[in-house]
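Chain naming follows the written order as A, B, C, D, E and F, and within any one chain the residues start at number 1.
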Amino acid sequence: MNTLTISGSPHVHGDDSVKKIMYGVVYALIPAILVSVYFFGLGAVRVLLVSSIACMFFEWIIQKYIIKGPPTINDGSALVAGVLLAFNVPANMPSWILIIGAFVTIAIAKMSFGGLGKNPFNPALVGRIFLLISFPVQMTSWPKPSALFAGDALTDTVTGPTPLGLLKEELGKGRTVPEIMQEMPGYVNELLGNQGGCIGEVSAAALILGALYMLIRRIITWHTPVAYLGTVFVFTGILYFMDPLQYVNPLFHLVTGGLMLGVFFMATDMVTTPVSRRGMWIFGAGAGILTVIIRIWGGYPEGVAFAILIMNAFTPLINRGFKPKRFGEKVADA
Amino acid sequence: MNDVLIFSVISLSAIGIVAAIVLYGVAQKFKVIEDPRIDEVEDALPAANCGGCGFAGCRNFAEALVDSATQHENIDDFFCPVGGTDTMNAVAEILGLSVEEKDPQIAVVRCNGSRQNAPQKIVYDGPATCAFAHNLFAGESGCPYGCLGLGDCVAACDFDAIHMNAETGLPEVNDKCVACGACVKACPRDIIELRPKGKKDRRIFVSCINEEKGGPARKNCKVACIGCGKCVKVCPFDAITLENNLAYIDPEKCKLCRKCVPVCPTDAIHEVNFPPRKPKPEKKEDGEKRGQPAQKKEAAEKQEAGKKNEAGKKNEAGKKNEAGESDKTNNE
Amino acid sequence: MNQWLNFTKGFIRENPVFTLLLGLCPALAVTSSAFNGLGMGIATTFVLMSSNMVVSVIKNYIPDKVRIPSFIVIIASFVTIVELVMQAYAPSLFKALGIFIPLIVVNCLVLGRAEGFASKNSFVSALIDGLGMGLGFTFALTLLGAIREMLGSGSLFGYTLVSGDMILVFILQPGAFIVLGYLVAMFNKIKKSA
Amino acid sequence: MEYFVIIISAIFVSNIVLAQFLGICPFLGVSNKVDTAVGMSFAVLFVMTLATLVTWLIYHYVLAPFQITFLQTISFILVIASLVQMVEIILKKISPPLYQALGIYLPLITTNCAVMGVALLTIGKDFNFLEAIVFAISNAIGFGLAMTLFAGLREHLDLMEVPAGMRGVPIALVTAGILAMAFMGFTGLV
Amino acid sequence: MAKVESSFKNMVLTLFIITLVASMALGGIYTLTKEPIETAKKAAQEEAIRQVIPEFDALKESVVDPVDGSEPLVFNVGYKDGEKIGTAVLSYSNQGYDPTTIKVMVGFRPDGSIYNTAVVQQKETPGLGTKMELPSFRDQFKGKDPGKFDLRVANDGGDVDAITAATISSRAFCAAVRRAYQTYKNEWEDEK
Amino acid sequence: MGGVHPPENKISAGQKIIALDPPEQALILLNQNLGAPSKPLVKKGDEVKAGQLIARGEAFISSNIHSSVSGKVLKIDSVMDASGYKRPAVIIQVKGDEWEESIDRSKGVVKQISLSQKEIIEKIKENGIVGLGGATFPSHVKLMVPEGKKAEVLLVNGVECEPYLTSDHQLMLSKGEELLVGTSVLMKGLGVDKAYIGIENNKPDAIGHLSELCRQYKGIQVVPLKVKYPQGGEKQLIKAITNREVPSGKLPVEVGAVVNNVGTVFAVYEAVQKNKPLFERVVTVTGKSVKKPSNFLARIGTPVSMLIDQAGGLPENAGKIISGGPMMGKALLSVDTPVVKGTSGILIIDEAHARRVPLMPCIRCGRCVDVCPMGLEPILLAQLSEHEMWDKAEDQKIMDCIECGSCHYTCPAGRPLLDYVRLGKNKVGQRIRNRGK
């Protein structure tokens, strides 16, 4: 007879695993990767490669020589962080800065806390914000998107503003929204990705496609995204309703900047967001409000990254304050 | 003297005096009766109110100290980073906690069911905590009394004094042990006991707590105490008692004569830090069931040799292990 | 007590910033450059040493109940002296350190040493303790400042070492926390292995 | 609108702990548990408001008229220290529960840069009386916010296996750094 | 040595003595440092003025309300050999990146053109906004006649090249200079 | 709320119940119920008959034990229980199969309920009936509704939500009539006039069969239930059928419900109507590599090894033997341990699936929180338990956990959540008890 195994119940296990979830996210990112390569060409390829390789390298070396634990690079989380970091920078980001960003992402924001699952803040976002604050020039000069087959794909020196940046700047000069909107790429382009911005955030459509995949595979739940998008839509909608000359159409907010990327791939990072459904609602709504506040009244044209990071800080309190409904908490009337 | 000087002197002194008088008045009027030791302790603290101790200010800390001293008679969990050890000693003195020296004790692990002596029959697949495994099942060797080898005791020790021996799968205590008893409390099977360190660091104890009858006990572990009572008979000082099929040596009565050690048919009695023994030719026939006295003696010798090599420094369990191994090859 | 040990303890074993975690506000706030750190360190050292000395001299003449207020007044006086002198002779440094100069008065380190050490020890010990702790504090601030300055603006004590873009965060607030975090970790390790 | 600016700025944009570096000692020392952090925050709110009020009066009615503003530091600390002690004694007598909730933090507050710092900043910014009070309250709220968030994060980290070398203060500082970074998102709000 | 007992008299007396000594010492030191502090302050001010107007041997200070009705500005008119050779205007702007007011000293030649500028106070982000102190930025203003040179950043349609990634600070700097110029022009025209 | 959907794997579903012969030697453990062990009444050498009382439950929560075989008492000694610990047991050398005369061994169904409420409870107690749904709680205690509470409805638990197990299913198919009589008996014992039989939708044949039969019984109704684990948990069942939630720390009677497993109901039928003590029960023996997955009617005290032999022998690749279902069952240390009243099945798992999935760090995905049927936060409870923060664990209602294992089942990181929660429950329970003292 074989040696019997003893363990506590249950003795069977569902068939999902951390690895499957992480690689699921990577698959979900593929449409956006393709769009970014289409619009930003080799620059995007370089950024993606440098970032993910650097992230995996730092994960491997820190786990091996500093934490001295079993290798963890295979679990896929470093790859996810790497791709998402790349998604958060412009295509012309110098590699050395990107490597610093990868170091911050993995070494400071993730491994210092003990690696996967322990970090209270979203590593890729910490990396992004770190770079944004440290290298504002490089982080805010956006190459103009130009379709891969449009001819001037490789002469990517032309830079242009992001729609949100343009909006904020022009509003600052006292122009009105309808005037400014004349210069915008238009909703269809914004949806498809033909706009200035970080390589991963430009195409709302590709991101939604990926999100659908994750929803179907039950990697993410719909609560946070719905709460987040809903809040942004309602909040900006109210403002737009009050003064359409000063405040832009809510749809514009949904398809520009990093909102879709943030909503579907970062506000859903389970490690750094609340565990209960109730908590997810609060998280999403809070992030939505902060995003709008920063976008409209803050110093930065884009607020998604900051909003999520700030809500990450609130997550433990949310987890503490918004418990799932306990069975028997309130006796239902029969 | 210029104006500035005069104004300074007047205003500042005024502020100072007003503050002093008001404070004094308020203090008198709103006096609250408290444990006077709190004040004493507070006085002994640096009054930096830095929060470094994790409390909201020195007074709060003092209250916690007095409280802990009253309730648990120790203040080991507290530390003031500004004042350091001196301050803490001073506080301990105020609170009357200067512990009088007891007979130095040490933790001993009363199980020798190493991987070799008590081979694994079952694989445990779960969290590495003895507390849980103990609730779940009898143990990988099947011995329901034996060490589970998952190291709750190791985790409990703050003094780096107890470690797992990877080879035997048993914990070993080293001389850093301060007999705090944390491991004793942590072990769900009550395997660890605090015993007097003994003269010259020598001690003799039964390294087993199995209360099963001989047969079942031996089925799981070669070095289990089978409750045969031979040691009880041979002990000239009445130091050994037998209860529930298990011998226990009272450290107070034991004079470390070592007579019991060789008579034990299963090698369950341990001697620690003794010089090697001269081979005794007249050893009594033992082991009704085993009937292999010669091998037994050989094992005992080996064990002693092992002890010598390790200069009596290492832990009991580790040494015993070698004996166990030779046993195994002979036995099965 | 061995005065040499007494003097050196502030550097690593009982470094006020890295191991005792006292006086963190100035340690974080003014260390955007090594020079500022040094200046703040020296100012604090002066206050620490002087108040330690005075306290050790008058310790027996002060009734217990007004001990703390008295010490505070003594410390505050020295702080004001520093303020005035600095304003007169190093105005730009004074400006850079801002309200953290008057805030020396609430630095737990200063009061802590006065209460915990000077009020119980001799004049000489108190002086050496004050000096040692002060220098330890200065060392910590300067180190912190140097690292932040180097990473954040590529210079050291104002001399440019690397030109071009540097990692701006390090001279901003988050950088202060992060660098201090890793330094504390490092000192813990050194202390353990020592 | 002026007050709105003061409030937003003190709570979010130049948060007293994360951007001004005041009150770091209690921020690190008393942030192990959310409950303690909340208690401390309320105590700070109380003392900071009171202290700012009194020091403002002293400055404008004693120090400034006599032109002895150089005594600012020493007189402020004296006033704050005795004020806090007085409040503590009174509280202990008249309301033991409140003392348990707030009072125990009071001594810690005396030697905390935040209270003194706000008193000094108020003078530096030339606020009028009402502005001074709003400023003090907002800063206290900012302190409470940072403190509570941080305590939540630390409670969370307590349940995690943080690598040995980083456990405790180091990781707390790194966390504070990231928190400060997140708060930089508020720049430009006012 | 026996400690002094905590009686009411002793307590008050001790505190009184300590505060007395402290205040006397401080008062003394204050009197001693008063002079140097004033000098240091003056020196700093003069240093800035010296940077922004040509060599002078006498200064005349006046306070002028700006045209837009905001806080008054300090004018320092420099004379050489009795002749007016330039006016240093201490102007400010609250639109910097940091809430702290930016103070800029702007020197005008008698003909109304800018002689030079100097930053007296700013707390912008090191490495970004602080670049306004560098000559590379301020030199743009040297010798420019604000009548012909649009004192706004290029982004806003003016002639000033903003510091990279610090448009806000640059804008604030320009605003301060504009304020100085307008007030000066007003004064100057009044004089005429 | 909550719940998971593990693959059902009811491979023995179609197997009729086969009555097994008594074993050569019966090992009857003296603690077969939740609560205090029973006191032996026989001694070495005594001759006993099947159905003879051999140990009496003296404490309030305790139950009688009857011999399941006839023969001679070999000894009263300790025997290895499922977890490998030695427990006192009566060991009987079997000779023939002679039953107590008082037992009605006729085939027919006795429908007439002649006993009074009190007598019913007494009968149930006498005959050693305990809950067969898993908890082995003495059934007569459940029927004695505490002062001030009122039972309104009886719920019969025919859910059998555990994967693999089919004993209740077969029982419902083959003993429908008896079950309904048993239900009526229990209704009378409780003094209620309503009973619901809850059955999961994956057993349409049982639902159909019982619905058909219960037309003739007043007040009994079959309720088909959604397929979801742990639908059969007492509190979940009450919620599903009556839409009432038993408050934390309270008993089902709080909301007027009493739940009994179908096995228990059948045992009650036999005890009350046929005077037969509980000494045999239906046990499913199953597993992917088991040659003949079966449902056996086995005597209490039969060694597990014998059941396995009857089902075609222990497969070569057996890696884990479980008493009970895969979600809540207990892994056995050895096949020498005997069947007890609570043994609902023997499940043999292949070596390939015996070990747990590789352990990863928790990624805080919250799935354990989602699936917990009690609305707890398993991950938080596990962490608190791991860090020995018992007070907080108690605040977080660790004692409410019903140990269903859904959390561990679903965790993508393979965290041993239930293991830690169980550890915590143990410690917290101890603390609560100590406080009571």
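General remarks:
Criterion: contacts are C-beta pairs under 8 Å (C-beta built on N, C-alpha and C of every residue); 3 or more make two chains touch, one makes a residue touch a chain.
This one's a predicted model, so the numbers in the text were calculated from it and none came from an experiment.
Set against the Cα centre of subunit D, the chain with the most distant centre is F. Chain centres here are C-alpha means, and the one lying farthest from subunit C is F. The distance from the centre of subunit C to the centre of subunit F, each centre being the mean of the chain's C-alpha atoms, comes to 69 Å. If each chain is reduced to the centroid of its CA atoms, subunit A and subunit C end up 41 Å from each other. Centre-to-centre separation of subunit B and subunit D, using mean CA positions: 45 Å. With centres defined as mean CA coordinates, subunit E is found 31 Å away from subunit D. Counting partner chains per residue, subunit F has residues 331, 333, 354-356, 380, 386, 416, 419, 422 touching two or more of them.
The residues of subunit B that reach two or more other chains are 4, 8, 11-12, 15-16, 19-20, 23-24, 48-50, 52, 122-123, 125-126, 132, 136-137, listed in rising order. Contacts with at least two other chains are made by residues 4-8, 108, 114, 117-118, 130, 133, 136-137, 299, 319 of subunit A. Because contacts link the chains in a way that matches no line, ring, star or complete pattern, their graph is best described as other. Inter-chain contacts occur between A-B, A-C, A-D, A-E, A-F, B-C, B-D, B-E, B-F, C-D, C-E, D-E, D-F. Here subunit A touches subunit D in the complex through residues 66-67, 108-109, 111-114, 117-118, 120-121, 126, 129-130, 133, 290, 293-294, 297-300, 303, 305-307, 309-310, 312-317, 319-320, going by the rule given at the top. Of all residues in subunit C, those touching subunit B in their complex are 14, 19-22, 64-69, 73, 108-109, 111-112, 115-116.
Against subunit B, the residues of subunit E that register as touching in their complex are 8, 11-12, 15-16, 18-20, 22-24, 26-28, 30-31. Taken in their complex, subunit A has these residues touching subunit E: 136-137, 140, 169, 173, 299. Interface residues of subunit B facing subunit D in the complex, by the touch rule stated above, are 3-4, 7-8, 11-12, 15-16, 19, 22-23, 26-27, 29-32, 48-52, 54-60, 63.
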